[in-house]
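Please read the structure below before turning to the comments.
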């Protein structure tokens, strides 16, 4: 059953991505000021949205774990955080490529970029903490607490373009600006590609959760063996 | 015993233990002074350069000095299983946490107060121009370093690799506070007031101090009780 | 009401059960010897009773209240593997600190009184760092008994002590029994511990393998119980 769901999602994601790529590369016109490179926004923004969603879910799962102590919440939290971190990396890289073309530099320490980088560092730290903690109960508990602290950086990263004057472009999407800053077809494509990436992320999370489950079983067996 | 009294007892205990051995504070002060002096000697910055980098230099020094102090704070609880004795006592986890934060903040502020005059002398900076705003920034940023450091120390106290994990976890989380402190300090050292542009940094500093302290007080018990 | 009660306690390390369905009761004034091999779960159980750890399932109560509540922690005295004493502070400062943490009316006076009882009054202002091992252990015992706990949880208390400390501890435990305080001590098979006890619980691989009165046979031949019920 689970296999079927994963394969279906995978298929949907692939189909949607293929369709999106077709539209992005062949159908949509070039942007007025930026030329062709602007198309990277169709991966840049969705990557960040996907990773932020992942971190929100991780935060919620962490709180639920602390309250209910069910290890499945912990498994979900780590899976979702790992996938989120990957998408954050993608977000950073796509941003850097765009910056190199448009601004001529790979990086600058403007508030938005700095906070985005911190966000990535903080969740990388979460993954390292999990690596370093051997006892599964302590691992779950401590990383849940860390996840709650780490989430504050997500909030600030998101609001950075509102709170500071940044070199990073300001808000363009309608839900933040009330409309008028971006072509509707382009805006729609951003959401379509976000959907594609979310489907992909969902599949990856499911795979990762299965890994967590099996890992837990192996650890339990290992401890049984030691006890004997 | 009330929360406040418990916290103060814990803080007093930490301060007394530290002042008895002076390990952390000696190391911190030595480190801070050496870096400040070396930097002045190596780069011999002009007045203009000093003005631009004062915040950055000072807070890098304070951050690392703070790390030395924080390392000692929970490390002192580990030999002899003292942490167990504390957690088993009627002291609440929050009071334990808050007391440690107070003690660490006081120690770090002491290091900072020793460093500032030295900085003033060797870099020819009139650092008392905007004294009270500077004090505000000092206290707010020091508190943030302390709260995050103490909280994450509690998180990693039982890990094998705790010495390595602590910097990895703490520095990304405190970079925001350091950035704010650096920016504000540079402005204040140059004799200017904190303008509208920089107010966001001050708000962030104060706002997240409150949020992190609250989170710490609520979550620390979970972390301390296995 | 029983002084200490465990109902269906389970503790997991990940998926591995360190304690499985532990249930027992200890009446006020009783002395329970917790037996078991290394890894059977004695320390884990004592830590849960002391409020240092949480049970994954089941309940642990002391005089009807949860182990983590402040009231409960107030009436428990613990002596674990580590002595729970600060090396940098003096003997007096250590006891006064714990006196304050336990809300004693006169931390100074009580600290001085206990220093005398364990024979450390002459070195009361020296830092614990300079103490010999036996002296530290006596100070640890003072710390555990300082606040007049009605329940004492001792994890292998006789194992690490020197002769003088053993004598002092035995004296204190006998006195505690007389004062109707409840004692739980984990032990391997030591005669001293068994002699003091009224009840015995044997843990084997996380389960209660035997629970009952302490008999004269057990004192005479401590290994008997293991042969009967343990592995």
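Some observations on this one:
Per-chain residue numbering starts at 1, and chain names A, B and C are given in the order in which the chains are listed.
Convention: a residue touches a chain if its C-beta (ideal position, glycine included) is under 8 Å from a C-beta of that chain, and two chains touch if they have at least 3 such contacts.
Just so we're clear, the structure is a prediction, and the values are computed from it rather than from any experiment.
Under the contact definition stated at the top, the chains bordering both chain A and chain C are B. Farthest from chain B in terms of Cα centroid separation is C. Among the chains, the centre nearest to the mean of all shown protein C-alpha atoms is found for B. Centre-to-centre, using mean CA coordinates, chain A is 49 Å away from chain C. Distance between chain B and chain C, defined via averaged C-alpha coordinates, is recorded as 38 Å. Between chain A and chain B the centroid-to-centroid distance comes to 32 Å (mean Cα coordinates, whole Å).
In chain A, the residues that reach two or more other chains under the touch definition are 135, 137.
Those residues of chain B in touch with two or more other chains are numbered 226.
Chain contacts: chain C has no residue touching two or more partner chains.
Put simply, chain B touches chain C in their complex at residues 1, 6, 9, 13, 16-18, 20-21, 76, 79-82, 84-92, 225-226.
Contact residues of chain C toward chain B in the complex are 47, 50-54, 68, 70, 73-74, 76, 78, 80-89, 93, 97-98, 100-103, 127, 143.
Interface of chain A with chain B (complex): residues 66, 114-115, 118, 121-122, 125, 128-129, 132-135, 137-138, 141-142, 145-146, 148-150, 152-153, 156, 163-164. Contact residues on chain B toward chain A in their complex (touch as defined above): 148, 151-152, 155-156, 158-161, 164-165, 168-169, 171-173, 175-176, 179, 200, 204, 208, 211-212, 215, 219, 222-223, 226.
Of all residues in chain A, only 69, 135-137, 216-217, 219-220, 223-224, 227 touch chain C in the complex they form.
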